[in-house]
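Below: a set of structures, written as structure tokens.
Consider the two complexes below, in which chain A is the common component and chain B and chain C are the respective partners.
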Partner chain A sequence: MSDMLTEKEVLHVARLARINLTDEEVMKYRIQLKQLLDDVDKIKDVKIDDDEQLITPIDEKAVLRSDEAGEMLEPEDIMKNVPVSNGNFVEVPVMINE
Partner chain B sequence: MSKYLDLSIREINDLLKKKEIKPIDLVEEAFERIEENAELNAFITLDKEQALKTAKELEDREVDNVLFGIPIAIKDNIVTKDLRTTCASHILDNFIPIYDATVIKKIKEKNMIIIGKTNMDEFAMGSTSQTSYFGAPHNPWDTKKVAGGSSGGSASCISARLVPLALGSDTGGSIRQPASYCGIVGMKPTYGRVSRYGLIAFGSSLDQIGPMTRNVYENALLLNVLCGRDENDLTSSHRESEDFTRMIGEDISGMKIAVPNFFISDIVSDEVRANLEAVIELLKKRGAIIEYVDIDYIENAVTLYQIIAMGEASSNLARFDGVRYGYSVADPKGVDELYALTRGEGFGEEVKRRIMVGSYLLSGENAKTYYAKALQIRKAIRDSFLKTFEKYDLIIGPNATTTAYNLGEGLDDPLKTFLDDVLVIPVNMAGLPGMNVPMGFGKNHLPIGLQIIGNKFDEAKMYKLAAFIEKELNLDLDPREVR
Partner chain C sequence: MTDYKKTIGIEIHVELKTKTKIFSDSINGYGRTANSNVNVVDLGYPGTLPTLNVEVIRLALKAALILNCDINREMHFDRKNYFYPDLPKGYQITQFETPIGTDGYVEIEVNGDKKKIRIHDIHIEEDTCKSIHYKNHSFLDFNRAGVPLVEIVTEADMHSSEEAMAYVEKLRELFLYADISDCKIEEGSMRCDVNISVSKTEELGTRAEIKNIGSISNVGRAIEKEAERQIALLEKGEEIAFATYRYDEKNDATIMMRVKEAGNDYRYFPEPDIPFVLIDDTLIDDVKKTIPMLASERREKYMAFGISLLNANKIIQNRSLSNYLNKFLDSGIDLVIASNILLGDISFYLNKTGLDIESTKLTDEKFIDIVKRISSGELNSKVFKEILDELLEEDTSVEEIISRRGIKIINDPTELKTIIEKVIANNSASVNDYQNGNTRAIKFLMGQIMKETKGSANPELVNKLLEEELNK
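And now, the complex of A and B:
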């Protein structure tokens, strides 16, 4: 078994995560991601019979809050942190191919 | 220079009530201390102007609670309205929140004064705070050593006596481990005890905000303020508020305390084990009953953490896309490039590593092989802890396997950061409260901390034991005297 992922494997994982990597990073992650994934693989050897899962450690029943209008944020405040805007619109590149 | 910040919070409160000092005296002293200790790099953003303004405004107000006018530092992953909140990341280095986290509202209601935002690992991912975009904070006991992480800046500024109070957050030990390395008291409350609204999410089923302080009593005072149901966090508990100081000073004889065998195994260094054994002897002598137990699957907790925390992180950090806030790459060719370049340039190495592994572990069939199985084992760990608490009041062990190590060590080893947290992660898996109280020093006079784990919502009992140990050991925990 190789102690490195292939370049293609790293780029696949980076694509899943929507992260662009430099060539140097790809090289580094070929080793580091392999180390991490090998470590995580230890879980395959753990024996467990009970198939009940714990997603969150809260015992209380989740209740929804009442459907009432509460404190609101102002649109102009929300827009303050938007990188590219046009009035009260958030600008993004074209998403649908023409 | 005045030395009011060396007094206990009770003493400061008396002086404020008698009008012998004003809140501004405390704020000015805090900033003098911070400036003198700039090399610690404990803060990312300071808020001197607003802090002085708030202190002035408080001069005409009645001193109506014990934390009134006390300077407090906030970990930089907790959002503060109009005060930059970076998560120690390039991707948020210009982010000015437009609302306060629930804990910040509570702190402001009690008229504590926010001094600034503390340094940390980027997105709280790390065990040394060295993944910070702003450089690592240093350990006040030896500035060549790490402060621990991820709440390293909060631990460093409390240890160095820059401010008396700080907030940290703990996903896999990030309050307890730096508290251990820096010789302070840190509490990770029961999951659900403190609202997470406004805590920038890392691992949502693990994260908790908690207090970091110089001593046990003041820690309990701060937790008193932070708790309570919050309509904005549906995982917050409906439990009534309580006074966490109420059991401090009570006799500990007859307390039943469990020590997991894993916590004294050979993963723990000799000096840490020796300190723990000394505490065990002390407790026995004072009438506590100590027994050794096994917690099922505790040795697998790091693997579970890798899967669950990285999985949750990959999902939580999907929101950083360069669209609504934060860093955004200029002139992208299409939306795919906007996301990928923004995230590639905005996130640091550790964060990218974790998001990629998390995305992979949750993709396709892997979700079943890894994530679903991790949740099964997580259930078994929690059940085993809860069963232990049917027989015992508390569980103890160390928080860290060693004392603080050198800055720069282990940076290229993607596994080290997880192994540093091998003793603290099980608590997050089970959603239980865990804390650090200093129990001694190693050979280089670096602090060693005791971990106390309680049953769910049993924080008051933990403070009782911690206060007893603190009083009995009476350690000199002021690093200014050794530097």
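And now, the complex of A and C:
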């Protein structure tokens, strides 16, 4: 096991996060991301075979909401938080696999 | 190639008929302005949390009970993680480990043969947003995001397109009648995915998945076409790709959308924002009480009262007519006559006016009165048709309308006999025809009598008396 990620792996993550990295940053994250992954990997050492599955830290059962309508947003307000919109629609690059 | 056996499994998504969405209190509605039924939860804004709609649990439980499923008394939700713009949270909340119902069945009938189709599970999940694609862009409408769905997954128990269509039709009928969903395939509130493979042996072939088929008859067409395609490949010695298809109605063919990658990893894990949901006996009993008489039971009952299969089916297709007729099952009235006038003149009136039968002035008492009068011959179909508008639009009783109109049905045999004798005397040619074996001549004589009485004679009685007179 190498102690850093490949340049390709870091650039792939950067692309998914939609951020640009300088060459220095790529080098820095190759090391830092690897350390992060190693830390997270420690979770595999925890013995959980005898534990009950924990869905939520609260012991209470779910409280259900009655089927009554509340306030909604105006489409124009929604579009203020949308990078690209078209009329009342949110616009994104075409999705494959549809 | 009849030696190939088709094996078919079906997944159906059905939108539940709630007022609000599953995890937010924005409106669950179809056909509104884009992005107008949306709040911060539906858009996955940071810091928002889901709140589970009680009506979703009730409707999904009702569905699971109707499908004869075992109920998961302590269930939770799971996150299905994938990165796609139709899900701003980055995951869909669904049920993976503890679906609300498992191991159920639906009974179908094809050409008189009954068969049980096993239900693997029924689970609850949220719908994604709707996307419209144009050139290099996709346009998103989040009105559908968070609409409650149940997905019903069968075992691969079907072996013909007829069985598959019968299953989809049966499920639709069940959910419509139980008021779980409006099941409009064309509007997407019911969506069918079909898995199909062919094989000459007991070992199953590689399956193809046909997504989102747009109508029940297309389910049948798509299966036939896909089976043909697979058999042709196998006959050429080629392999079937594990892939997703869609059915193209215009070209009547299945078209590949994508090859399935093995082991799609959705990293399912329990949804920590929603604690366990407990389904106790009280809730189950409560929901059971909301299950109305289902279509198959209605059909059986109607036919036991002498209504034809055709008419029984016609009534069942119209839930409000069927509910109306059900009110009279124990009333002792002639249900064949009741169903005939409901399907005939009354339906004609309802279609013409766009009214629902419950919003007319036709009270239960009035309906019983009408059916009784028709069965005793006090009212004939001609007069009924004439006074129909008044019956349905006024608070007046049948008696009042009839007497106001001066309508009198002649039920007196002596009075009728006089008229019959007169008609016979004036139409000796037809009488001869009848007596020489042309039985159709009696229809002409009947017509003359009805004309003579201006339609007010009791037709059954006239028919009986006329036959007696002619056969003397």
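Here are a few things to note about the model shown:
As a convention for this text, the second predicted complex is superposed on the first by the 67 of 98 C-alpha atoms of A that agree within 3 Å, B and C clash if a C-alpha of one lies under 4 Å from a C-alpha of the other, contacts with A are read in each partner's own complex, and residues count from 1 in each chain.
Here is the rule we use: a contact is a pair of C-beta atoms (placed from the backbone, for glycine too) under 8 Å apart; a residue touches a chain by one contact, two chains touch by 3 or more.
Just so you know, these numbers come straight off a predicted model, no measurement behind them.
Of the two partner chains placed by superposition, chain B and chain C are both touched by A:58. Residue contacts after overlaying the shared chain place A:89 against chain C, while chain B stays out of touching range.
When chain B and chain C are set side by side, the one touching more residues of chain A is B.
Of the two partner chains placed around the shared chain by superposition, chain C is the only one that A:68 touches, whereas chain B remains out of contact. According to the touch criterion, the shared surface of chain A, contacted by chain B in one complex and chain C in the other, consists of residues 16, 53, 55-58, 60, 62, 64-65, 70, 73, 78, 90, 92-95.
Chain A makes touch with chain B in their complex at residues 13-14, 16-22, 25, 28-29, 32-33, 35-37, 39-40, 42-44, 46, 48, 50-60, 62-65, 70, 73, 77-78, 80-84, 90, 92-95. Within the complex formed with chain A, the chain C residues making contact are 18-20, 24-27, 33-40, 43, 51-55, 57, 76, 83-86, 131-133, 135-142, 257-258, 270-278. By the touch rule above, chain A contacts chain C in their complex via residues 16, 53, 55-58, 60-62, 64-75, 78-79, 86-95, 97-98. Against chain A, in their complex, chain B makes its touches with residues 95-96, 98-99, 191-192, 205, 231, 234-235, 237-238, 297, 300, 303-304, 306-307, 314, 318, 321-328, 332-341, 343-345, 347, 349, 352-353, 355-361, 363, 369-370, 372-380, 382, 412, 414-415, 418, 430-432, 456.
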